[in-house]
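Following this line, the structures themselves.
Look for chain A in each of the two complexes below; its partner is chain B in the first and chain C in the second.
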Partner chain A sequence: MKISQLPVRNLTRKPGRTLALICLTALLALSVFGGSVVVLSLRSGLNSLENRLGADIIVVPSSAKSQTNLKQMLLQGTTGYFYMDRSKLDKVIATDGVEKASPQLFLASLRASCCTMPIQVIGIDQETDFTVEPWIEESYTRKLELRDIVVGSQVNAGIGESLRIYGVNCPVVARLASTGTGLDTAVYTGMDTLRLLLDAARDLGHDLKISGDSADVISAVYVKVKDGCSVERVADDLAVHVSKTETVQTKGMITGVADSLAGISSTVTALIAAVWVLAFTLLIIVFAMMARERSREFAVLRVIGMSRSGLAGMIRKESLMIGLAGGLAGIALGAVLVFSFSTLIEQKLALPYLTPSAGTLALLAGLTLLGTTAVAMLASARAAGRLSRTDPGTVLREGN
Partner chain B sequence: MNKRMNWGACAALIFSLILTVGSRTFLGACAHEDGSFGACHWANQAMFGLGILLSAQSLAALPARDERIRMGLLIAEAMTAVLGMFIPGTLISLCKMPSMVCLSTMKPAMLILCAVILLATLAGILQARKRAK
Partner chain C sequence: MDIRAEGISRRYFRRTGEANYFEAVCRTDFTVEAGKVTVLLGRSGSGKTTLLHMLAGLLTPTGGKIFLGDTDLYSLEDKALSEIRNKRIGVIPQGRSVIDTLTVLENILLPAALYGGESRGQEALEWMKKLDIAHLADSRPTELSGGELRRVAIVRALAGKPEVILADEPTGDLDDENTALVLSALRDAARDGAAVLLVTHEGEAKQYADEVWRMNAGTLTREERN
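Presenting the complex of A and B:
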């Protein structure tokens, strides 16, 4: 046997001890990798929400706040519908400080069975829309024809398939990129198609609380404020001039999400720090105990000619192998848990959640592996230093 | 420490019991408001049955005196675990929306549990093979 094979033989000779050390380092890697992926996914989700909302103010009928939580609708994909007269749009456009205004029309499909969730259907005015249209253009550049629909990434329908909504077959022409928000569970279509669906729902006897023609109603107006104008002032003006409506400032919504994210980030960071301190202390104790237990073995190695630095190097190699194995195991376990249950995590946190890119994940995995290995080697450094200073003759004589 | 104890079979028994109890509790399929049963319900039923079978196989493997018999039982259990990985979503389809409980919780949890049972049985097979030699 070569002396270079000694660290591997030492580890395989005591599988229980090696497994315990690997489990401890795996815990370090799991906590830092899993926790960081969750925090990074929440940050990506927040950025995505900021990019996707696009509007500064959303004008909804007064009844909307009692019927539906708009924040829940956008963040968690809760379905909802409410309507107001189309004339409100003209009043919004006429308000000072409004640069762009575009109407949207909402409808919720029915829950037909276990496998058909209610889906939020959103009608957009393709001529004036500035919030959803740029997102749709990333995957579909043509104009949406009558009955054409575009589905969010969480809707299980492929291009070419049809979704049957209130008895109307709607072909899916495109799938949108994931945003990590409730917008991913919605279906988007043109205003004409949505009015067709509204009429179909009313024909089937569903009370949508619309009096008169479906062409005369809208659900919300998305407003972009002119540069240099105060969003708060424009929102106040809209509240005064457009009667029976509520204004929702998207900045407030994003700030709320950012506050929740900051709270979660600090909790996760504190937990990771606690796990690292605990595991690092345990590793130092374990390596010290291991060095004490193996003192005779090390003394024999010194007597047969191994140098002090060679002995310390052997311990460093053992801890390097343990760090690498534990780090890889922890990262793999963290990846399996976090990616398999990403939808569940998103639902439980009730915040936008978008998994970072493969490059970011690879970098994070690399840094975690480096950190775990460094901690394992650092923990063994003290034991290695002590051993190299011990006189082998004394150890063998004392029989320790 | 019991020298005859097969730790792989022991771990497989623990995770098989979690699978069995879980499929009736925290790993249930989607709720049915109208009393009807969707495909995910039947996938859940199949996983419950499979959980009982996996537990029985682990229980049979644990007290076996002949290591070759133990190995045979663990090989059968490993193959049952592989079958379990194909049930939710592949052999029996699940709901359409990724946000539904059968897709967000039941399927990943059952896949992970079956994978862990498979790894535990493989470790048990290696241990039994070593002792049989």
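Presenting the complex of A and C:
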């Protein structure tokens, strides 16, 4: 047997003691990894929402607020539709401080024989759009033809398949990257296709509360404010100049989400801190108890010639292995729990939730492992220091 | 090689009693000569074990020096002192002194593994046969009796062919037959040149001794042999 194998023997041949220590360190890793993934996912979701909204102001008909909740539509993917006259777009464009303005047209499909599934369908003007188009271009660079649709990452339809919307078969030409928001559950298409679908819905007797031609309506206007202009002031001007509309400032929507996120982050951080303090204290106690229980064993090692530094090194190696094993177990368990329940977490928190990239997760796992191992080694350092300073003769004498 | 104590003493602090300390070993000179078995007799608590631990480099004396040949043991850094203890001094401590997570053979070979020295497998096997524990090589210490554990500790100390053997009550857990085996083994080691110190309260050990010392309340006196 090589002396380097001794720490492994000590751990494997005392499985109960080793398992208890591994469980404690696993708890540390689980709390920090699981908690951090949740917080990072929420932050990614918020960033994604900011990027995807892209607009400073959304102009919707006054009736929209009573018909649907725009925030819920964007954050949680609830379906809804509302319409206003297309002439509102020209008035928005004519308002001072507006740099870009692009219309969108909404339609909600049904859980009925005419439709594959109930889903939010969003029509964009590919010529002027500055919110969805850059996102679509990440996965589909060609112009959308009539009936072509692009699906969000949560829509259960692959490229090449078709979705039936009010009896119209629409081929899926692209699938968008996940944003962690309600936008992932929607379907996107050009304005012409959406008007075709509106007409199809009306033909099937679905009352969309549109009095005239479907070509004359839009659902919302997404507005980008010129640099240097106040978003609040432009929103006020729009409210004055564009009658029968409401303006929604996306900053307010994001601020609300950010506030919720800050609250959740604080809670999760406090919980992680509490678990760490508790587990670290327990680890120190357990290592101290273990050192006391093993003091004679350590004295015997000194009797046969192990030096103080050799003894401390052996204890360090044992705690390193415990830290690594516990850290890996905790990270694995944390990953299984967080990823298995991500949909539930997203629903319960009602906030945009986007799992961080593999690189970020790997970095987080690495840091968690490093932290857990360092804590395990730190917890054992006190016991190792005390043991190495103790005269083995005294220990042997006390043990008799 | 001789191991020599010059003016060593050991004082322990304690909170009770008239004084706040007591002298476990009073200032004394003492030598364990190479090639001889030195028996140290005395009642429990007389300071025998304290003296042995100081000789082994395990317990720093309050005063005095210990020399192994010309080397002042306590002037050395811990690492160097530990290596000397590993390679040149065989210590048989009192009571249970094995590592439970290792097998009997692993326990016996552990000192050789510490500093990557040559394997002592052959010597170990011979000593195990002599002390009748060869059949226990792969057993775990928890499966052994007190007497068997004692013999494991003795073989572990002898297998490295140390220059000095310091045995603390090595026959405490043994029956008469095994006591004779162990004492003969220590006698053989001395015959091969080792300086052997045998700390015991059993008078039977005297018949294997070249020198007999007696300790009483920390004071050492040499017993004249007839």
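Note that the second predicted complex is superposed on the first by the 393 of 400 C-alpha atoms of A that agree within 3 Å, B and C clash if a C-alpha of one lies under 4 Å from a C-alpha of the other, contacts with A are read in each partner's own complex, and residues count from 1 in each chain.
In the analysis below, contacts are C-beta pairs under 8 Å (C-beta built on N, C-alpha and C of every residue); 3 or more make two chains touch, one makes a residue touch a chain.
Worth saying up front: this structure is predicted, and the values here are computed from it rather than measured.
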Is A:Ser87 touching anything from chain B or chain C once the two structures are fitted on A? First, second, both or neither. neither
Considering only the touch criterion stated at the top, classify A:Thr343 as touching first (chain B), second (chain C), both, or neither. first
Looking at A:Gln154 after the superposition, I want to know if it touches chain B, chain C, both of them or none. Which is it: first, second, both, neither? first
Under the stated touch criterion, which partner chain does A:Leu301 make contact with: chain B (first), chain C (second), both, or neither? second
Going by the contact rule set out at the top, does A:Ser162 touch chain B (first), chain C (second), both, or neither? neither
Looking at chain A, does chain B or chain C touch a larger number of its residues? C
Is A:Thr281 in contact with chain B, with chain C, with both, or with neither (first, second, both, neither)? neither
State which residues of chain A lie in both footprints, the one left by chain B and the one left by chain C. none
Which residues of chain A touch chain B in their complex? 77, 111, 113-117, 154-157, 185, 336-337, 340-341, 343-344, 347
Given the complex, residues on chain B that touch chain A span 29-30, 32-34, 36-41, 95-100, 103-105, 108-109, 111-112
Over in the complex, which chain A residues touch chain C? Could you list them? 1-3, 6, 9-10, 13-14, 296-297, 299-310, 391-394, 396-397, 399-400
Which bits of chain C are touching chain A when the two form their complex? 49-50, 53-54, 56, 58-60, 78-79, 82-83, 85-87, 91, 93-102, 106, 109-111, 113-116, 156
